[in-house]
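Take a look at the structures below.
The following pair of complexes shares a single chain, chain A, combined with chain B in the former and chain C in the latter.
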Partner chain A sequence: MAQLKIVFTGTVGAGKTQAVEALSEIPVLKTDVQATDEVVDLKDSTTIAMDYGEMAISDGETLAVYGTPGQKRFAYMWDILSRNALGIVILVNNSRKDPIEDLCVYVNNFKQHIENTTAVFGVTHLDKAKNPAEEMNKYYTFFEQQGYHYPVFPVDARKRNDVNVLVESLLAMLEVG
Partner chain B sequence: MVTSSTEEISSTMVRQPIPIGVRIFDEIKRKRLEQTIRMFNKLKGDIWQLTPAGDAQVVIFSPEEAGGEVFLKSALDNNKIHPVIYAKKNNSTCPWFIDQAGGSLACMNTLADVFRSINKKKHKSTESSAENKSNDINPFINRIKSLTRSQIVYKNLLSIYVNVDSEEVCIEKPQLNSIALDKLRKVFETIGIGNIEVREISSSEFEDGKAKSSIADLSLSNFFWEMAINDKQASLFDETKASKYKLERWPNFTRLQHKYEHVVLAAFFRRFAADIDTASAKTGIPAEVVVSFLNATHLLGIEVIADENSISFTKEANLTPKAPKTVMQKVLGTLFKEKIH
Partner chain C sequence: MLLKKSGTQFNVDVIKSKLSEAIDRCDVMDAAAAVTIDGHLVAKIEARDCPVNRIASMGSSMMSLGDTMTAELKMGVCRNLIVENERGFLVLMHIRDDLILVTISHDKSSLGMLVSSSKICAESIRKAL
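Showing the complex of A and B:
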């Protein structure tokens, strides 16, 4: 049987690597390199291939937790990493210029995977916004317009509780079908 | 159940429950009275603390029982104790009397009077000190405060301020529809803040009042959610008892206390419109949990009554999970195991 896995994807600096680290019981295998491009103002390092973490779920079985690169120029990794995943977690960095536009990039690129499995969304970097509740309304409205029944939560990828809720709701989505 | 008399109870000025004892030797009557006191507490917040009669400030007793008359005399002489007569009739000068034939309602009404009287005395003794007064905040308000710290709320729906002086909870007008406002009042009543008025006011009045209030910008969403989701005995708040419900949005689970079954219900009702029994049967989650979940989402204003465009879940249909249930269980086990540490 193929290994069980879930995939964290989403915009640059949204906290994918951080989320994989929150869940993983082993030291995360990272392919972060020093940022030299569009992210250089944002942070020191960026993922170029993947993050890999693991959770032991029962005797010998593990759940693999992957993080994809955020940048579009590494998009060839997205499809490879998502194959046979239980579902996709999409993180959106709300502090970027047009986060809804960003969100659409990932929804469209992962469309097939989302249809076959499911997806949940987390909006990060909301603490930087003046009115986080107002910011969330943008996403709720967008989801409404699109007729999406997927969950979208305000999330801080540095908080284990928030990351847990993303996984929990992914499981609930799978259960309902 | 809540009478007009007990409705007026305000727990202002009372910081600690008042010790109350039942000095009744008839086992059945005593138990009944104690039960009524517990019910009173449930309805009105922890106003009474049941203690042995010797340690109590308020003592319910019967002059018809042996030693009763003697107890009454000493209690009336010693004005530290508030004696409350429980009998068929009151032949004494004791102002507090519970009619034995009046059931728990009579008992609650009398206890409400006793409470108000104690409260008034306390109020008088502390009134002179302005400092005391401002610190003496209604325990309910403290409770609201402690439960509503979260800044990010699901819908910015229930922003309020409390006018401590007039004991009013003020809500800016456009925030709530009238149904939600009625619910809000009902909830305030049920948790025992009788005479706190919930009042809708205009935006400008709201801004003014908020600036003056020491308790402002509270979001009640978390508070209501927690109250409703934990109440397994509640009946459906939505009195229309619509045949089918669905969710307009997901509850904000990163900020709201929940169990996995609530997340499954959210996924279910976000996807399908269904009645309570169908939702319970298809998800395997007990109907009372479905009711408490619908109540909680109702208070957030995200539960809606299904219309003909909704995808209905019929009794014949079955859920088609996208992964084996054993997978969910295994992963959940690890997630929650981790959560404890």
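Showing the complex of A and C:
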């Protein structure tokens, strides 16, 4: 039987590894190493191959949860990891300079995959903004302009409930679609 | 020349000269590269037409998976990874915790020599840094 899997991708520091850790019921297989570049200004470690966790979903099935590396030089892993995924979760770090531009990088790279399956979006690091609700409007407006019919949620990748909303929404879309 | 990164500095010239020595000493080594564990190329020598730029980040992903699998199996430290191909070999190993050596040979009967020369090269870089 093919493994049921979903993939978390998105910008460096958006919280992909954190999200997989929040969800996983097994110890997460991580490939984080110490960063030697400007990423250290953000955090100590960065993912260079993948994150892997598992969680139970309905019917006693196990959902495999993968996290990709965020940095573009690891883009070959994006392809490898998204093969046969049920859908893609794209996390956007709202505290970066141009989060909409970041978002576009991942939408473009995963375009084919998103069209074949589906996607949900999570906006992270919103607690650092003065007015989180206003920040979210930026995304709603952009999605409307682009004609993207994908859900976008404010999430804190450190909170299991927040991350779970993304997964449930993705699974619900698959059931309907 | 120092490769200036906000986190780590490497003496590129020293590393490059050690890679060059390794290739001179080992006939079957076609290319050698030093890569940071997070996938930046620090130095490379390509003796034959054997571009390694794109291999740098892939090498770090592979090495980290090797390290992760080794830890998962509690088999100590991952010494090296060998990729055996129809037309040659690739060897990956740690120079230090934060630096990886990737070497390439197109000679199909060269594995032993490639691994031992790579070990010597990694050791010489470690001592020089």
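Quick note on the criterion: the second predicted complex is superposed on the first by the 171 of 177 C-alpha atoms of A that agree within 3 Å, B and C clash if a C-alpha of one lies under 4 Å from a C-alpha of the other, contacts with A are read in each partner's own complex, and residues count from 1 in each chain.
Please note the rule applied: a contact is a pair of C-beta atoms (placed from the backbone, for glycine too) under 8 Å apart; a residue touches a chain by one contact, two chains touch by 3 or more.
All of these numbers come straight from a predicted model, not from anything done at the bench.
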item: Overlay on chain A: chain C relative to chain B, clash or fit; value: fit
item: From chain A, separation angle of chain B and chain C (C-alpha centres, steps of 10 degrees); value: 160
item: Chain B versus chain C as contact partner of A:V33, first or second or both or neither; value: second
item: Touched partner set for A:E175, first chain B, second chain C, both or neither; value: first
item: Touching partner for A:T46 - first (chain B), second (chain C), both, neither; value: second
item: Touched partner set for A:M77, first chain B, second chain C, both or neither; value: second
item: Of chain C and chain B, partner touching more chain A residues; value: B
item: First (chain B), second (chain C), both or neither touched by A:V107; value: neither
item: Overlay on shared chain A, then closest C-alpha pair between chain B and chain C (Å); value: 26
item: Residues of chain A contacting chain B in one complex and chain C in the other; value: none
item: Partner chain A, residues of chain C touching it in the complex; value: 5-8, 36-40, 56-58, 60-62, 64-65, 67-68, 72, 97-98
item: Touch list for chain B against partner chain A, complex; value: 151-156, 248-250, 252-255, 260, 263-264, 266-268, 270-271, 283, 319-323, 325, 327-328, 330-335, 338-339
item: Residue ranges of chain A in contact with chain C within the complex; value: 29-31, 33-41, 46, 48-50, 69, 71, 73-74, 76-77
item: Residues of chain A defined as touching chain B within the complex; value: 4, 55-58, 61, 63, 86-87, 117-118, 122, 126, 132-134, 136-137, 140, 143-144, 149, 151-155, 160-162, 164-165, 167-169, 171-177
